[in-house]
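Order of writing sets the chain letters: A, B, C, D and E. Residues in each chain are counted from 1.
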């Protein structure tokens, strides 16, 4: 049996986002169990543990579940990820933070047990700028770009990257922090209205997203010049603003089509059997698909681990090997019933974070869904890689880690 | 007669001033200490340490601290989270600036730093009272969190804005960092908790404590009979913040190891610690422990019961958990407004009279 | 006029509007504090709960559907109706009155004559409970709330100011509506509390529960009454804020924006809530506008509190609060 | 009037000393209300000085002025011969002035013993750090002061309620505990605001005895507000009568009793 | 209604009640008394005897003090009142003037008085008339009617409390230590008012007092309470003549009133029971 815990937050301030994510994650694993009898013939035992997005509860969950032989942890919260990095490293259990968590964990030589496939926040910043470059025909000279961000570690992540890129492309960066929780953003949006930035990028979370989008609509900011990070781009964020939000863009690293073949299987093996997680009403939403994608990466890693070690009953250490050997291509996606679903990912001991590919999606209010409007764009690794190197080495030094692969 | 004090005579005022004047209580107290120091470390595992005992011990310190301010001195404060953050960041700066000094002293010093900050934010209490003061202390909460988030010097300019506790040892045994053993962190915190409890007890049974309580019960009368409100309130803020600072330091360094200020030391923490002392009992050290135990254990218990034993879906369980905690708080207050400590006292009084009802 | 001044004026006006929105939340606190000396921590959650209920009723959501489905294995979600806003609001008021009744009979009644901090604690328990209940009843997803209030830039003001200064001011229509509603509410509540018998009784209760009982004021009645009114105010606040951010859990956090307003205006003063709101709104917006960029921004959260704190040092009972009686 | 500088000897042979406290032309206003209007009087060492007057006359306000809690708009206070600068109430207390309150101001959350111990605050000097460690100086000091307090407790016969929280005590006992708290401070001047309100005759007799004994044994000067004329006439050496903030009489009980103004304003009928 | 003096009709009857505070403190140990319609009944006794507790048991204010009547019964006009809340008691015409004033500090004196008329559906004119009545009894209050009650002197607050009760036009008033802290003139005056109300308006009074002397002068019947038990009762005139009462409650010895100075030793309290 493969014990895979899932730290969910189906309650608390971010429950609206936590529910679809957790559902997608759970449904995929259930599907594998029902359809394939697990992974490599070994059934999956998934256990949810509710964190409410609260760090201490996360720690409690971790301690409770690690004792039961957890193979890998998805903390689903940056705060919890930071908690688990040292703990899981000491315990030898992989931690996978999908598009959140500590960016420099991409450096596998320092963070031996931590993975952040398929992309990180610095990738996100770079992808957004690349997209803007495309829109502007290749030059951002003299342009003004505003960053509206959650005033926390998470929100501050892209600043360095955006500054570096600004120096490179010659745009001016305007920083507009929004304090938690972000229900009042009048000041920030009045400033945007005055400064008229050509583009606005948003690093938001929770209620901040909804308010920002509503305010943007109120000041009639051109929505297609407003780009959110992937955590600011779910149906939850745009729906309260109604029609006005039409055209809002957000980054993504997974597909959001409504006709993947896998849906038939999910219907047949999961929903119809009454095994759907939660209320079963989230299938196909952006966050559901992200949860599903996370499960997909994890199970692929486990498959790899089984291949490498020739046993179906893998251990956490083997799963890490599987993660490092992760190699997901377009064929893989297609074979899983999700053609074109995500970018190619190829891991290694050094690279725990994938190739940094992401796409831009856009909200279509009348149809009520996001659609991808670009192909997967590659982040500017020349800029990002040195930053990652510097940050991870600082961490290594602080904690007495000798970087390297064992 | 389960509970007897008859025949337990005191012949000196020293005896009468003891913490546990009743023999039975005293022995029970020694027994608890013996188990805590001598037995628990041999049976503790990561789960018990990290999910239950460490938070309990650390919250108990914070609760004692807040209880001194609210329960003994009557100054309601909602700045606990912010002050804990001061303790945490002070330890972090000290740990990284003076790596050769024992962490033990860093934590005490961090308490000292918090005490100073506490006094600073306590000054308005000379003018502002009651709930006005409570809300005013939120200024400290929000400002401090903003400050630690804002000024990179506090987090040593790390890219993530988080602080991470590097490994530090006591007697060669790691108590912070990833490579700690459950028993070591437990004992480390236990020493602080017991130490703080004893200090708090000493302070509250003597002149200082009486000054605090007189200010709490009737500040004008207290001033007229000779209590200087400035020193009384400021010492309460200082001592209280000292303990809270220590709690914040341990919370960061020993328990969590990595912290982002807004998330861990947010306003919820302030409320949580306040709940602990109200549920436990204002103006009671035992109550601080009881309240901390209640609010640390209850959610864990409920979760294990509802999800683990009864197999409910996690989200339903989480909602019910909230409802049950809320309802229990209310039920407790209705049954005994003065907290678990008072409940315990009444029970003792009843036991003393047992089998007679009055 | 120089640009900075124009911008400053725009910020000022928007600060006023934001202040009104804070005041709407603060009003609920004031009412209950005035009538019982209780600092009602649950006020924010009540706003959330009211808004959730309103949306739920309007959209025909089946309450507790998640629970029902989990227990009975059914698949019910919607009744399949869409009610007009007015009907929804009326039904929600009925629910809030029911809530007020339950709060009084299950909680407050048993805590007569207790110290304020104990009552405060009880409202925290209530907040927890309602948080869980709200989620369980209506689900945790973010809902769109639309009762037909206009939203977005007011073009008339934009044009007028553009013609006058060459720079169009941004004023949100929703804010204008909020202001109108708030003014009506404040006037009505002021009349109620100053000039009616019930209003006087309400203030008497706040001073001394026991003495109020002894002159025959029925605490049960007074409390159900004020909690109902507070529930109604919470509904109004919930509608306004819900229109901005969608109805979701975080709505309960608006309480934190109301607290400094409350301090500044005085816990017991209805006009104080409005004046305090305006001062806080303008103060924090201007500070963020003028000083914010120098210190890195996002100052609004703490600035409101610091501003209120400074005020209080000079006037410990807030601007309009009842004088704190100090006698021996 | 009695002569100003020297003391005098009372009927029962007690010797009264020089003036310890002199109130000179005190005026106190609250907004429009004039609580005290240009009042002067003195208190002599060792005497029992009563202040009487109808309700709202300003008696309690006068005690509050002496305690430093109200600051008069006009007038000055001479204490032990020199002008008292404006002081905080706790500084006044440190000069050896203790008092009780009209509406009992005990610390409800504390036990009787703790309440009485607070009376000794100004005699206890150990710092906070020593207190925190307890053993040694702090404990010694505590015990020493406890002994004094126990004497007061014995004196007032409240041994059996030592450890009871005061909130539970009936009114009369509370009054006595308050007196104990004031006595514990070993004051040189004791201000009593209606110490016998709400007591029956028997209890008043006891309380009278306590007051006389304190005055006798410790030579404490006492200023006393009381409405029971029997008590006032029997106990006090000199009486000040106030009405509507004004002084309408000052003198020995007999003088006051027969003062027509006093009879009109306060006594109603001539008391025997 | 207007016939002075007591009648035979028992308005209020307390039968053998026991009261416990906080589930542990037994305060009343079987108290019985009855209050005839139109009479002034005095409840006398030392500190802590349980007078206040008895009154609160009648007005049902005990619940808010965490006290409970655990045994016995209380009837008003033959009806059990255990389940009524205090407001209902006021509506029935029973109002308590609480010991220690309990004014509404933040309300003005006049507003305080007006709260007294809360339960009445009376017209503004009637209420104003009553207000004038109260002011005529207590002219001092009229002067201070616009000040916050919290800032008035002790005696003024006592007047407010009594005036407030009158405003409710009660049938029975439970008066708890009305004389406490009042100037002698005013004590007489207040008892005079009580007597007036009793005789002219036919109000019934149950009066808890320490000031035995005055109380027995005005009351028709008296009960003496010691440590939670009734130890003696009888018509006021008789009680006044009882030697024990004389000695312990009136402070008189055979030679008339003694000086407080002459009490040379502390009295060993004499108690009938306990």
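Keep this in mind: contacts are C-beta pairs under 8 Å (C-beta built on N, C-alpha and C of every residue); 3 or more make two chains touch, one makes a residue touch a chain.
Since the structure is predicted, the reported quantities are computational estimates derived from the model, not experimental observations.
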Going by the contact rule set out at the top, which chains touch both subunit A and subunit C?
B
Shortest contact path, subunit A to subunit E, counted in steps
2
Tell me which of B-D and C-D has more C-beta pairs in contact.
B-D
Among all other chains, pick the one whose mean CA position is farthest from the mean CA position of subunit C.
D
Separation of mean Cα positions, subunit C and subunit B [Å, integer]
32
Distance between the CA centroids of subunit A and subunit D (whole Å) is 74
Return the distance between the CA-based centres of subunit C and subunit E, expressed in whole Å.
44
Please compute the C-alpha centroid of subunit A, do the same for subunit B, then give the distance between them in whole Å.
37
Mind pulling the residue numbers of subunit B that touch at least two other chains?
146, 220-221, 224, 313, 315, 318-319, 322
Of all the residues in subunit A, which ones touch at least 2 other chains?
10-12, 15, 19, 151, 179-180
For subunit C, residue numbers touching 2 or more other chains are 66, 132, 135, 140, 296, 298-299, 301, 327-328
Give the pairs of chains that touch; include all such pairs.
A-B, A-C, B-C, B-D, B-E, C-D, C-E, D-E
Spell out the part of subunit D that touches subunit B in their complex, as residue ranges.
67-69, 88-90, 92-94, 98-99, 101, 105-110, 114, 117-119, 121-122, 124, 126, 128, 131-134, 138-139, 142-143, 146-147, 150, 181-182, 185
Within the complex, which stretch of subunit D touches subunit E?
12, 30, 33, 53-57, 60, 102-103, 157, 168-173, 194, 197-206, 208-209, 212, 227-231, 234-235, 266-268, 271
Of subunit E, residues touching subunit D in the complex
21, 25, 44-49, 99-100, 140, 144, 147, 151-156, 158-159, 177, 180-188, 210-213, 248-251, 257, 259-261, 263-267, 269
So in the complex, which bits of subunit B are touching subunit D?
12-14, 17, 199, 202-203, 205-208, 210-211, 213-214, 216-218, 220-229, 235, 239, 283
Within the complex, which stretch of subunit A touches subunit C?
10-16, 19, 151, 175-181, 183-184, 186-187, 190-191, 193-194, 206-207, 210-211, 214, 217-220, 236, 239-240, 242, 244, 274, 279, 281
